[in-house]
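Structure in structure tokens, see below.
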Amino acid sequence: MTITSDLNRAITDLRAQVCELHAHLTQYELVIWTAGNVSARVPGRDLMVIKPSGADYATMTADDMVVCDLHGNLVDGELNPSSDTAAHAYVYRHMPEVGGVVHTHSTYATAWAARGEPIPCVLTMIADEFGGDIPVGPFALIGDDSIGRGIVEVLRESRSPAVLMRNHGPFTIGRTARDAVKAAVMVEDVARTVHIARQLGVPPQLDAADVAALFERYQNVYGQSGPHAETSEEIHR
Amino acid sequence: MTITSDLNRAITDLRAQVCELHAHLTQYELVIWTAGNVSARVPGRDLMVIKPSGADYATMTADDMVVCDLHGNLVDGELNPSSDTAAHAYVYRHMPEVGGVVHTHSTYATAWAARGEPIPCVLTMIADEFGGDIPVGPFALIGDDSIGRGIVEVLRESRSPAVLMRNHGPFTIGRTARDAVKAAVMVEDVARTVHIARQLGVPPQLDAADVAALFERYQNVYGQSGPHAETSEEIHR
Amino acid sequence: MTITSDLNRAITDLRAQVCELHAHLTQYELVIWTAGNVSARVPGRDLMVIKPSGADYATMTADDMVVCDLHGNLVDGELNPSSDTAAHAYVYRHMPEVGGVVHTHSTYATAWAARGEPIPCVLTMIADEFGGDIPVGPFALIGDDSIGRGIVEVLRESRSPAVLMRNHGPFTIGRTARDAVKAAVMVEDVARTVHIARQLGVPPQLDAADVAALFERYQNVYGQSGPHAETSEEIHR
Amino acid sequence: MTITSDLNRAITDLRAQVCELHAHLTQYELVIWTAGNVSARVPGRDLMVIKPSGADYATMTADDMVVCDLHGNLVDGELNPSSDTAAHAYVYRHMPEVGGVVHTHSTYATAWAARGEPIPCVLTMIADEFGGDIPVGPFALIGDDSIGRGIVEVLRESRSPAVLMRNHGPFTIGRTARDAVKAAVMVEDVARTVHIARQLGVPPQLDAADVAALFERYQNVYGQSGPHAETSEEIHR
């Protein structure tokens, strides 16, 4: 019973976190209407919390967030889970280090995805956050494991927390849902900046050694105390 | 008399809905100044509710919305109807399944319209919502049925709820006014994303079979219960 | 004495109007920091009300607006007038039908101005509001009558209320300050839309006869009662 | 003791100013997430006030701002200083006339930086604020004095308060932190406008004599009383 009430409390907290994190998607204009979704793994459980399908950003509440198992079956909640639930679930099943997943159709990242072209590592900010080029994943139809499989195949082989799914849009992962949201914000920002740079020329790639040094430093030194994700939490209020 | 008071209530409700729906046009920056308009059919009547001409988005109220017959004649209200009323009315007269019409000059959709170029179906989101390329309609002068006729000729032959009227801008339709507003939001979003993708290359078209599968699924599975439009209403509050 | 108190009242009203109209410049992102300015002629007087130099949009008040004569000399107010006052004054001296002038460095209109290229009339909205191509004015240094002279020479020969001053930015005029602000909003909107259309092709020009018909109709029919400017005022609250 | 309490008061005031100035970075969308930073020199002391590393713009407070010496060592405050502190400190050590430094990854300025291309002086606004082309600085890794050295080498030889650091982003300086923020806002604005102008042609450069005249006038006449920086403060409230 103690376990159950602890679990309930953890899920209640995650519902609030996941609901609130969607505000970054609208703030940075990564989503329109009801498109886009954030999920979080329930730590130590084969469960995830995710946005319901077709939910309106302006009015959805923490209680609307639904709980699913890691095959995408509804476990708790009154609404249908996001139509992208199978993809999120597949990632959690196959990447145990991942605690959060985000999907958007943000404009510039989706434009690179439409052409099937990786975003080249031409900015220190890309080296910092993505550790190299931001990779492209395969085209996949919604409705089975194809999207999830494509995400995992690409991200397992990459330092990048973001993958540009062909003709579709970006998926991002993180140790926490907040980290995955940060990656979603940053992939759009660098997708836009590099697009604009490329319109009038070809910016030079960074050297691999510089990329490695920048990535290492950013992941370990930036912020308030060691691994960045914990850090930025510390100065939230 | 019962009929009259029911009708009055329905019209009062529609005036509030139509007025409120314009907030999406400003939120997504689809309109400037007083340009753009939303209308709704009065169900079961040869009547429509539409924005008045030259009304200011920040200050207009539900009571300002005017009621017209389906030839665009003013039936109730103190202000002149939108200068696009004839086009809306023509659509309602000739497409009985349509419950809402929206017109904007949103930037990217209007840019495709200026070139007279359809938006190619290169994104899953275009397949989902538009079921294929987003078509172009003829150039037509305002002031008679030309615009309405152009809209109807194109949309009757298309799965798309949006048409790009040449040198003018997009018109969208829907089962409800809310659906037509959603289509107006999405046509601008995909117009922008595909424009940006095209600036640095040519994104590949989706296969027709994939487009059909995505369209079918989105129209029937997305959201909370069957046909999408009803659904998204359900989780509004 | 009656005349003086009437004049005082008129000036107090105009200070409030001019101050408030600047909110449209920030709302539509036509200006940054303290750049940009709106002025209004004091009806029946050789006087104008204009923004002070270097004023902060977020904090400036109606009382900060200054009154100048039509040679740009300060008549009433505690702050220095806008550094563009001489240009506004020149327009009022030479175009008695003008009641308002606006200057911005809005991005897309200024980009056309930087290339010295008129915005071609490829949209019904350009025909409606500008009656043809939006013309370019000469390069002129600030500090004497050169800018004002350039504006007047171009706009006297044009139906357009907007001129793109080379390597500088747009100036717009109107029967009222509100009309000039509307023209400033619309010139940026069409500058952006046509720029984007042109990035992927060359949109066809509208026929001169169609342009004339659209301009005529918009200036006389749009809105609530005859000439558009009076009209849109009527449904402000 | 008097000295100490004066110093405390000065630092308390600067903490509030520096914290508040960051609001311009978010207002003008020059930064995302926790990226970007503003600092101010403590007048007459070898000290600076700067944003902490990884701080959230929405929730950070004046008390979070940290005090460092001009080698970047923490002197007062509970959080780690910005990871760009060494660069700011280097500028203050080597440019005694500088009272404020700002760093962002603003989109268009960073795009020019990615290509390593100066922004050409093709607008009166560039002549006014930057006095010529906006220069490019070397590529440099974070973690030692390389970035600061690159900034100083370039800005010492230029009238421009902004430098575009290769593959990284803009740094700006000013007599005060507010002036440096203004330069950060303006460099992004002109970077965007010139980018857009260049997409459809090559805007002509201004003559050097015109640039000098515009720069001279703007620095000395614009605003309320002589040197512009003092001025714009005067009409803040």
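Note that the chains take the letters A, B, C and D in the order they are written out, and that residue 1 is the start of every chain.
The rule we apply is simple: contacts are C-beta pairs under 8 Å (C-beta built on N, C-alpha and C of every residue); 3 or more make two chains touch, one makes a residue touch a chain.
Protein identities per chain, from UniProt: A, B, C, D = L-ribulose-5-phosphate 4-epimerase.
This is a predicted model, so every value here is computed, not measured.
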item	value
Neighbouring chains shared between chain C and chain D, ordered by label	none
Steps needed, at fewest, to go from chain A to chain C via touching chains	2
Copies chain B and chain C touch via same or different residues, half shared test	different
Turning angle required so that chain A lies on chain D, C-alpha fit (0 to 180°, nearest 5)	90
Whole-Å gap between the CA centroids of chain A and chain B	32
Separation of mean Cα positions, chain D and chain B [Å, integer]	45
In chain C, residues with contacts to at least two other chains	199
Footprint of chain B on chain A - complex, ascending	32-35, 52-56, 59-60, 64, 79-80, 83, 105, 107-108, 110-112, 114-117, 141-143, 167-169, 195, 198-199
Contact set on chain C toward chain B in their complex	28, 122-125, 182, 185-186, 189, 192-194, 196-197, 199-204, 206, 210, 213-214, 217, 221-225, 228, 231-232, 235-237
